[in-house]
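In what follows, a single structure is set out as structure tokens and then discussed.
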Amino acid sequence: MRPSGRAADELRPVTLEPNVSRHAEGSCFVKFGHTHVLCTASIEAKVPPFLRNQGQGWITAEYGMLPRSTHTRTDREAARGRQSGRTQEIQRLIGRALRAVVDLKAMGEMTMTLDCDVIQADGGTRTAAITGAWVAAACAFNRLVRARVLNASPMRGQVAAVSCGLWRGLAVLDLDYAEDSEAEADGNFVLTEDGGIVEVQATAERRPMTQREIDSLMALARGGCSTLFDLQKEAVHG
Amino acid sequence: MRPSGRAADELRPVTLEPNVSRHAEGSCFVKFGHTHVLCTASIEAKVPPFLRNQGQGWITAEYGMLPRSTHTRTDREAARGRQSGRTQEIQRLIGRALRAVVDLKAMGEMTMTLDCDVIQADGGTRTAAITGAWVAAACAFNRLVRARVLNASPMRGQVAAVSCGLWRGLAVLDLDYAEDSEAEADGNFVLTEDGGIVEVQATAERRPMTQREIDSLMALARGGCSTLFDLQKEAVHG
Amino acid sequence: MRPSGRAADELRPVTLEPNVSRHAEGSCFVKFGHTHVLCTASIEAKVPPFLRNQGQGWITAEYGMLPRSTHTRTDREAARGRQSGRTQEIQRLIGRALRAVVDLKAMGEMTMTLDCDVIQADGGTRTAAITGAWVAAACAFNRLVRARVLNASPMRGQVAAVSCGLWRGLAVLDLDYAEDSEAEADGNFVLTEDGGIVEVQATAERRPMTQREIDSLMALARGGCSTLFDLQKEAVHG
Amino acid sequence: MRPSGRAADELRPVTLEPNVSRHAEGSCFVKFGHTHVLCTASIEAKVPPFLRNQGQGWITAEYGMLPRSTHTRTDREAARGRQSGRTQEIQRLIGRALRAVVDLKAMGEMTMTLDCDVIQADGGTRTAAITGAWVAAACAFNRLVRARVLNASPMRGQVAAVSCGLWRGLAVLDLDYAEDSEAEADGNFVLTEDGGIVEVQATAERRPMTQREIDSLMALARGGCSTLFDLQKEAVHG
Amino acid sequence: MRPSGRAADELRPVTLEPNVSRHAEGSCFVKFGHTHVLCTASIEAKVPPFLRNQGQGWITAEYGMLPRSTHTRTDREAARGRQSGRTQEIQRLIGRALRAVVDLKAMGEMTMTLDCDVIQADGGTRTAAITGAWVAAACAFNRLVRARVLNASPMRGQVAAVSCGLWRGLAVLDLDYAEDSEAEADGNFVLTEDGGIVEVQATAERRPMTQREIDSLMALARGGCSTLFDLQKEAVHG
Amino acid sequence: MRPSGRAADELRPVTLEPNVSRHAEGSCFVKFGHTHVLCTASIEAKVPPFLRNQGQGWITAEYGMLPRSTHTRTDREAARGRQSGRTQEIQRLIGRALRAVVDLKAMGEMTMTLDCDVIQADGGTRTAAITGAWVAAACAFNRLVRARVLNASPMRGQVAAVSCGLWRGLAVLDLDYAEDSEAEADGNFVLTEDGGIVEVQATAERRPMTQREIDSLMALARGGCSTLFDLQKEAVHG
């Protein structure tokens, strides 16, 4: 029995609220249960130095946690003067996930920055961030199309992510903090709507996993993402 | 005629939503029009080195803006590796404002950290932050009293803040960004409910002010804060 | 009775020695009693990025304290690797004060940097710095006029500053360290010679102030600055 | 045909030279073809703060590249003043991999730091680092046993790692730089000798992967690691 | 003919004004011509971690240049966030020089910090700093003796320093900036009053030196320091 | 009797292995006994800002120690976020030494960076680094000549370095760590093959030196470097 009473293959209640920011080109406030992340997509008409004059765009991501998004207060990274390794790992993951489904050539020379800021944390912040960032990015591209900056959206497909893990020997979907903190293993799965695998990061925390276990996590992830893809479509197309 | 159509002595619609954070000891989501700030109060059972073994508590504040809280995206301070002078100035101001109404001796040896994070900015973020931080702090102290950690709340009174400025020659209350960016002068006024002045910071941006002008800003501030004190009471006491 | 034996409205002995630096375009060694600050004005033929190609100049300030300018040694900011919030607050204040009396358009595309370094501290370093920085700036502009780089000095008037505070219930002018460390409230007043108010920063340290008290501080400041304006004139014009 | 002429399931020539450092408690110079990494294990009789007085040890890792280990010179991280996100990601991975096979309780209160410094890079530096770090760690524990600091080695099994990827549609083992820079997808697989999976990190670079592809990468990884486990045994037991 | 009209073996006018700081335990304002350095000695009743509980003291030095001590303005190190290599090199040199003439054991567990801040620079700042730092240190120790903190001064002898160089083929004493910037070679010589050599740092800037040349620089240094030792005695003993 | 059994004027076994790096334009692995340093020379077709458009080249050096090159582990400078004063002092010394024997004008507008990384330390790392860096630089220039990027090597002569010191009253050549840590004085001597002196840095650690002692160190250094020059020639010309 999971702490939340959920079935092993049950997501937390997920909501994706688009266009919550007055200023950003695209935005989404995503909730996976008590995990709340604000995702904004910002467009700038320039590319990083290594891409200059190549006629293509770039997508990058930044991630942060509000100091009291966590159970006990976490030091503010701006005050400490450096981002942690965990933060950098996560923002690199979000950036790769989004670039996997966007035609960077079709973007032209612009940069989209996806800011994913955790307002409240209860496990699974990085997968919520990827799922919400896709909505923010899609909204921003649609806006550029409406504004006739782009002829068509360079978004080639949907990407979403979910965590799965082994908790007390059971493979479970979408771990919350109570499960995550005592899981034997967990993984983050970034998938595309057409069944493709963008990224798998699975880590054994207490004992090595078997092939069978990792396969069962993948199966759960496919189920969970299938629901997320539907919610994303609704959020973007209403 | 102000850009927002408000009267010269009219606040923006202000809401103070208490207890929005699942984890923080106290919290408040404050809106001054389109300026939205999340304030959380975190309690830790220790004091900074300079206060050790003196039997008193401490209150400190941190301030941050989400990168896309602003009209165009602002660099993330955690990524740049340092907090700006403006950020430090504001968080010092918030800390002083709250310490002015709390009996630090009555707190005992604990530290309250007020995190004020701007989710969306439209002028007046620091005054919204002070006003909301008071609610977060009051809620946190009340919770400690209910949990019998403290016998009584060390909160000795209310503190709130509002900005006033000279815009096209007119003294106006609670400037939004459109006014702020072309004001001749503006000031932040931090007041207590019983008529005391905690802090005045008034700056001439385009031409020096007269004594008469600064007096009219103070009068507007008193009026604005009087409304804010009522809203704070409602937020804390329901 | 003040610790120094001064009357409530009496400045410390103030001297403004101009042109003390062999290298700087303008300079002033200012003493407010035992508070000694070296102010230099440096001219560079460029402007910061946000002003490029706008045909106007810029004035900025930096502030520092020698490690043993203080009663006990203070850590060197260069060694710690960051400037404190207090330092940044002060240098922003000095910059605003000077920009308030200079016609930036008339400067042309050049930057003046005012370095205010505290050689010895005994309270009131920021107000001494502003008062001396005006002399350094005025000397530098006069030198550019003599060198025919500028047709006329872009200095439109005088600016000076003084601190006032409530000490044992008494409103006193120009607090020294002994008074400052036990004041109930204090403020920094930046005024122009023609009676204008550039900046007011008044803070209650132990209890909120009344309107009457803040008014009495302002009155003291006007008196003190009137003396400072005379000393500035003498320093610049001999 | 791979650039190196290797078969799809063929490792580069791998050597693991133990005890190369005069000072370190354990060490290994590992070569995967032209990728050369020096791994040292250093023991200190203390644990990080979060583990104090819990009667267990800790293993951590640091990773670095010499500036000219790469094809063109890379900036020195010590000179830039910060470690890149990539560096932090890798050193966290190495630490997790080693902790997965060590009985931290049996270590007692000591910390082992595994420094993995890339002397020359040609792809696969992180997997070479993990494979060599295991040898360095095993040697260090054996030395502590010989010195009677420990009764028995807390090493519970072997861990090794290898990269696999999709290169021109072909699943290949142990990518070198030429392959890595144009791979469609690649993954790092950290396995234990008894068939357990410690970590999988698979990323699609140019197009999402299928389940079948990811399975074929895993199969290659199992084959590669099986050779690495034999080489590790030889290196440690001679 | 030297730019200053001095003879090859002639020092610039040197003054050593002791006890210029109201706060520091010892101080000296040293002038070597237009090079002006404020040296303060601060005493703290603690030692750095590596010396704890060894019953001995420590002497360390810090060095800085005011931004406009130089011909054109130099960036403020506190603002850049790091001390330059040159600064660190110089402050390490000053510390070694002073430690060479102090009986650290006789100091007891205290730390003396010598802050050497360049108010105006015209070549030879580090040698002026060492020469003045000795006076500041001697005054501070004498004060501790008078205050009966120490039984006797732990100062075992005098140390002074001077630069010498090859300028247009000529060996000259105490280079000013005009000479220094076009010297073929120059050196800093740190000597004790009884003829001992504490440190020699000689560097060829444009062509290697001969043994004969380096010997002639040393001879000039001995002559120059002999004058400096007399001035130091006068400064300390009046 | 020296700890190593060497005669007072005897170098440790020295080897200079050229061209050890697959990627660098020039390289040398230098061993002075148990001190091992990898030196690489990297060429980039640009110069630092202060040399732009002056038709000349630049040579700079960076120095680092692997964390476990030392007897006990040293913190990684990249992790601490700053290079120590010692590191900066050494890399500045290496840069000056190499620039002394290269015709920067003849290089054209390119920068050579000499990375000297200590793989294992046993005293004398900076002198080994200079001696090896010269080989790396010479190899790199020869390669540019063979590739017809340069008409002739801009290397005008050889430079090498060795440390000498006073150990138990005896002047000894090429101190190892055991000697260095208890030496009364030591110095680093950077010499050219034709008898020129590029740099002398001699420091008294426990008592001032006499002129006679410093002369004897210099004599030892000349003897030691004479051997190093032969080994360098062999390394470069085979």
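Think of it as A, B, C, D, E and F in the order they're written, each chain with its own count starting at 1.
Operating definition for what follows: a contact is a pair of C-beta atoms (placed from the backbone, for glycine too) under 8 Å apart; a residue touches a chain by one contact, two chains touch by 3 or more.
Bear in mind that the values here come from a model prediction, so they are computed numbers and not experimental data.
Repeating the A-B interface, with the same residue numbers in over half of the contact pairs, is the pair D-F out of B-C, D-F or E-F. Over half of the residue numbers at the interface between copies chain D and chain F are found on both sides, making the touching surfaces mostly the same.
Among the other chains, D has the CA centre that is most remote from the centre of chain C. Centre-to-centre separation of chain C and chain D, using mean CA positions: 59 Å.
The distance from the centre of chain A to the centre of chain C, with each centre set as the mean of the Cα atoms, comes to 50 Å. Computed from the mean C-alpha positions, the centre of chain A lies at a distance of 28 Å from the centre of chain D. Each of residues 81-82 in chain A touches at least two other chains. Contact ring, oriented from chain B toward chain C: the chain order is B, C, E, F, D, A.
Residue ranges on chain E touching chain C, taken from their complex, read 21-24, 27, 34, 38, 40, 42, 44, 62, 64, 66-73, 76-79, 81-83, 87, 113, 115, 117, 119-120, 122.
Against chain F, in their complex, chain E makes its touches with residues 82, 84-86, 88-89, 91-92, 96, 100, 187, 191-192, 194-204, 207-211, 213-214, 218.
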